[in-house]
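Let me give you the structure first, and then I'll get to my questions.
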Amino acid sequence: MHTDTLLPFPETTQHHDLAASYEVVRQYTEDLCAPLQLEDYIPQPVDFVSPPKWHLAHTSWFFEEFILVKFRPDYERYHPDFSYLFNSYYNHMGSRVVRTDRGNITRPGVEEVYRYRSYVNEAMRQLLAEGTSAELEELIILGLNHEQQHQELLITDLKYIFGHNPIFPVYQEGFSLTEVANTESGWASVEAGIYGIGFEKGDFCYDNELGRHQVYLEAFEISKSLVTNGEYIEFIEAGGYGDFDLWLDEGWQWVQQYAAQAPLYWHQIEGTWHQYTLGGLQRVNPDSVLCHINFYEAAAFAAWKGMRLPTEFEWEAASPQFSWGQRWEWTHSAYLPYPRFSKAPGAIGEYNGKFMINQMVLRGGSTATSPGHSRPTYRNFFHPHLQWQCTGLRLVN
Amino acid sequence: MHTDTLLPFPETTQHHDLAASYEVVRQYTEDLCAPLQLEDYIPQPVDFVSPPKWHLAHTSWFFEEFILVKFRPDYERYHPDFSYLFNSYYNHMGSRVVRTDRGNITRPGVEEVYRYRSYVNEAMRQLLAEGTSAELEELIILGLNHEQQHQELLITDLKYIFGHNPIFPVYQEGFSLTEVANTESGWASVEAGIYGIGFEKGDFCYDNELGRHQVYLEAFEISKSLVTNGEYIEFIEAGGYGDFDLWLDEGWQWVQQYAAQAPLYWHQIEGTWHQYTLGGLQRVNPDSVLCHINFYEAAAFAAWKGMRLPTEFEWEAASPQFSWGQRWEWTHSAYLPYPRFSKAPGAIGEYNGKFMINQMVLRGGSTATSPGHSRPTYRNFFHPHLQWQCTGLRLVN
Amino acid sequence: MHTDTLLPFPETTQHHDLAASYEVVRQYTEDLCAPLQLEDYIPQPVDFVSPPKWHLAHTSWFFEEFILVKFRPDYERYHPDFSYLFNSYYNHMGSRVVRTDRGNITRPGVEEVYRYRSYVNEAMRQLLAEGTSAELEELIILGLNHEQQHQELLITDLKYIFGHNPIFPVYQEGFSLTEVANTESGWASVEAGIYGIGFEKGDFCYDNELGRHQVYLEAFEISKSLVTNGEYIEFIEAGGYGDFDLWLDEGWQWVQQYAAQAPLYWHQIEGTWHQYTLGGLQRVNPDSVLCHINFYEAAAFAAWKGMRLPTEFEWEAASPQFSWGQRWEWTHSAYLPYPRFSKAPGAIGEYNGKFMINQMVLRGGSTATSPGHSRPTYRNFFHPHLQWQCTGLRLVN
Amino acid sequence: MHTDTLLPFPETTQHHDLAASYEVVRQYTEDLCAPLQLEDYIPQPVDFVSPPKWHLAHTSWFFEEFILVKFRPDYERYHPDFSYLFNSYYNHMGSRVVRTDRGNITRPGVEEVYRYRSYVNEAMRQLLAEGTSAELEELIILGLNHEQQHQELLITDLKYIFGHNPIFPVYQEGFSLTEVANTESGWASVEAGIYGIGFEKGDFCYDNELGRHQVYLEAFEISKSLVTNGEYIEFIEAGGYGDFDLWLDEGWQWVQQYAAQAPLYWHQIEGTWHQYTLGGLQRVNPDSVLCHINFYEAAAFAAWKGMRLPTEFEWEAASPQFSWGQRWEWTHSAYLPYPRFSKAPGAIGEYNGKFMINQMVLRGGSTATSPGHSRPTYRNFFHPHLQWQCTGLRLVN
């Protein structure tokens, strides 16, 4: 039940024509970059944001290192330094550029990175034409899903770069990740009982969704709509950012350290709330779904309403009863392994498991998520203080 | 099934003679300080450790501010500045000395803090003699449990202070928190099914144990013994601290930042592992239960064994089948609210709920825990990088 | 007695045809950027380094804000945001982009910054054509000297950006700031007596050179040559970086914090010292003049030789006796005001005076300095730990 | 011309009865500690402040390590760990406790440190009774001057500890380091010419005063009085802390980082300036000499007056014309070596020379300085941001 998006997103990748999917996904990354100037590809303003150039290169690196080097014995890497330069966090794959230095690597330049992409694409096309084994198909599908994740990061990272430029550059007129309206209202009821949680069947899932298992849930009611900007403005105007009693202790420290007063990208101009969007600065629409809050803000808002966030299990059990995908939704579940979770051997095993600490699960999807990329069992995760993804919340009563 | 301890701990506080319990618990805090020199009461070597003097004062502050000021209208505070100086983290109770400054406040001196304790004790005795309401009794029991928690912190904080002095002072000859042997061996089996979790009945529990609820568990086997020093030395000698594949990503960062190579307080002297204990430096006994590891180390060790840590729910369900209390045991559960959890109004509500983020649950108890203080539903919690509590692990297969 | 340089530097600006000088200096900044790719204009890898784009814009900003806005009543700024975006440190000129954010401002792009330069140039040409007052001429000459200073920073900042890229990009084949040989040898003697110090007559000087005054000097001998790479390698091989006795206390802390073992950009490859140059990685030539050392290294080397650095007064008094300009030379003088020093009113007064603390004076010039820019009374200054300028040393016996 | 002080300071040590001097100086350190409680000996609230216990021990360590171990072959150290524990910054003397850990070392306790002092004293008495060589006498006099320096640090460090305790403990009723009045007024004139600078003759000086040399000075007028609190309040009330134009760049950063608004220990209470003194909180006396300002504040005040600070050479040349010793006076001279300065070999050589960077010279003395300790050629030095010494300023016109 993914909602419409404002972007001409590609069709789902979970089909059977892998070669076509490959083209669609790879092309879409480049389409996202079409409105950029060369300069925009370079900076890394903060450690958790990566330069667009790096996303372009790293997604190609994934196909080169995990697939081409392994499955095409005669494959020659595009450049011997790239396996070092564009590794992200895979310790198995050797040393890598320190994360905070990504923005200082001006060479290879953007054009060469595009040549790198073409080179990898050409080799992948040959590989796909030669026919694929089940193992290889699985890896290619993983690579495409990996690239889709970086598509979402690319657009949110770019928003961070532009949103911290005092002149607020426009990525594309009228483009907004945040103008999404609720299509439903009211509350869905879920009865107490045992529910099955985790991926069951379908074309693809990440390893962190496996281990289908039973969870006992008490009865609860969950909102069919997401919290809106207007509701959040009420929280702000009621002094929510100044009342320690609503906040987790580390959330209150975050509020004080950053003098937080509103979601990321919000600016109060002559008494009216505005927000930076990729289409430029605009007034905050009170009817649109709230975006760019961190877990601390989500939990404080819920406390102020006298309600709470759903657990990821409640969310998954209730998900057939509401539409989702407008916005990643903070849950009150820590990102931890499911029963029988085990890491794959080697570098692929570093994909998810090693991040299962100090992060909270988000469910759903957002306007920046490629359609078909998410599903009801999808487990997204971020540290509780981070705001730069398209994150909102849904209440449980 | 709390095991014997090395300290002459007071009897349990969960009895019906509250006045007697009050005396026992309050006296025990002072008994713990008997071997100290005046200088030892003062320092705060790191932000998470508090000076012994501060523990003495803060536990009295709790009775003064939460009970005497409220229930004895004619009560006069011992000193007007103390409500400010000895507040820990209760925002409801007004401003407080910044946590990292606790070690720089030399006045009031230790003697005056003892006078403060006597003054509060005298007033509490009168209050207890006058008869108590249910609400008041509940608060006093909370105050005594609060003081027992600080007793454990006092002795572990003191170990931190002494353990970071290059001359390794002796607190008391022969005293050791770490010389504990397993009394059982083998594995306990738990069948798949629904289990009740959370506090059911008894004299006292914290609010974070309430919300008795059902949890579905898959079948598992859990060790009846804790991991020993000898087993952990095997992990060290197998290069466990050098193999990133065993560690969570943030755990690996911790290893590298601190060049971690062994549990806290361990020193390799001429090829043999020694550890600082409150009885002085001594050889590590391979048969004793492992202590002073953080969650990252626990999880890495389990990964190396090809096993895992129990969840807090598995631990609680299996707990009738093994003895516990030798050592706080890291579980693989994040510290989060149980169903129907709600904070009490006012300052008492700050006791537990606001810390429910970025911490992991520990179950059991330790040689530093006052007997009767813990119970099978008790939820202790610390950040995953901290080692200075008496922390070990139990494996699940 | 400025030596030849490797760059086709423009002729001196201290002539009487100001309009011609304006063209030469402004063009040279752009010439320096000719070998760049667009990506190279963007990053700021460390707070003391600025992006090339920023240098291009800021030098234009200087003419716009200090001259055009003031002397051409009808002048319209190129863009209202630029006075904010491209201010460096002039508090009088209003708020500015925080220094560490300079590398994250991708828009305005490089092309637009060049248009900004053209726009300013056009307005300056008209102003120059209309005839200039003495006050205006003085400001224009200041602006050109300011731009020359940024030319030197531009090339050294670029070296820092490229020199920290693991693939060591080439700015221009054969281009090296560091391949300079001594042309003289032996020692110059200076007799005890009173010497005049400070700017006396000529076309231009900075305010920090004014206040011509007398200084009494004891007799000394000063080397006619600069220390070479070969001599410094002897110091390294003798264990100079490991002997605390040779270092100032804060220098020794710097050595330990950064595990310093050699000048900036030096790498030992299979036992041989190499250095990154703007022409790529190359072997260190033992006969070339030493470069990229900080004051701590200069002082430690001199201590190891049993000698010392000259004071800036000794250097100035002896300067007619040796050739200079191959390399900025650390002196043993702190950067402090001369007698009768006074700041100019307003923003121009922020040029030099407010930096007169915690910095050391350098005398001479380097291969990156525009010819004619320096003179014997010129006082360059940097913090003692910085290495990224073309800095070496001359010994006094 | 040292002025009267409020403390019953011991007589000068520059006499010929070394044994008597030894007793007087050593006793005086202990006299300073007489009003302390045991707790006060322990904390180190900030890295540049040392615990009183540490001063007591380190001054004894100096006699033990530099004299007794060397000149009494049969001498046995009091305790083998102390040479490690109580070393300050002498790299030649082996490893030492990291500076920021001094406040966490509770054992050895205060009593034992006093026993250590007695033990060292007894051995020193025997050594002195046996007769001394010139070399030995020189070292003992150095040790006594070293101890006097630590006496001043002890009392200013204690003020820092007490002054940051929210209850403002009283060291001794009526005791104040800051209540000092000017005894002179008007201006002294110094003619242009050559002046001799540096130690000429007398009983003792530090190595940094040696190298008597000539300095040419222009004519100047210097105030015979120090700036008072009242004059500084005018600066505050005129907005001095808010006007960037008065400050050095790093001074302005300091103002902003610490939101500085007044000298250290000043508090505005209901519109009136108070200051913490060792006799408790009291109103600021406008006629008393200003104290506890750093170099940045001194320079900003002078700029506001349209005047400047003297150089250390001007101060020394003018010093016969005014009384001094009320307060350490910031000069506008960086702490650098005099001509012909050379470090003594070995650890004694670490006394002064290695600190000659990034610090400014102070001349004079203060109410916390032992009488006879200072002299007109004495060069005190501190980093420009530090306020906790008894520091003021004298203007030059």
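In order of appearance the chains are A, B, C and D, and numbering begins at 1 in each one.
What we mean here is this: contacts are C-beta pairs under 8 Å (C-beta built on N, C-alpha and C of every residue); 3 or more make two chains touch, one makes a residue touch a chain.
Not measured: the values here are computed from a predicted model.
*Asks:* Which contact partners do subunit B and subunit C have in common?
*Replies:* A, D
*Asks:* Could you work out how far the Cα centre of subunit C sits from that of subunit D, in whole Å?
*Replies:* 37
*Asks:* Hey, how far is the Cα centre of subunit B from the one of subunit D, in Å?
*Replies:* Each chain's C-alpha centroid was found; their separation is 45 Å.
*Asks:* Subunit A to subunit D: how many Å between their CA centres?
*Replies:* Each chain reduced to its C-alpha mean, subunit A and subunit D end up 58 Å apart.
*Asks:* At least two partner chains per residue is the criterion; list those residues in subunit B.
*Replies:* Not one residue of subunit B touches more than one other chain, so the list is empty.
*Asks:* When you check every pair of chains, which ones turn out to touch?
*Replies:* A-B, A-C, B-D, C-D
*Asks:* Using the touch definition from the top, list the residues of subunit A that touch subunit C in their complex.
*Replies:* 37-43, 45, 53, 81, 84-85, 97, 101, 103-110, 161-162, 164-167, 169
*Asks:* Hey, which residues of subunit B end up touching subunit A in the complex?
*Replies:* 89, 91-92, 194, 213-216, 218, 244-245, 247-252, 295-296, 308, 332-334, 336-337, 339-340, 349, 354-358, 384
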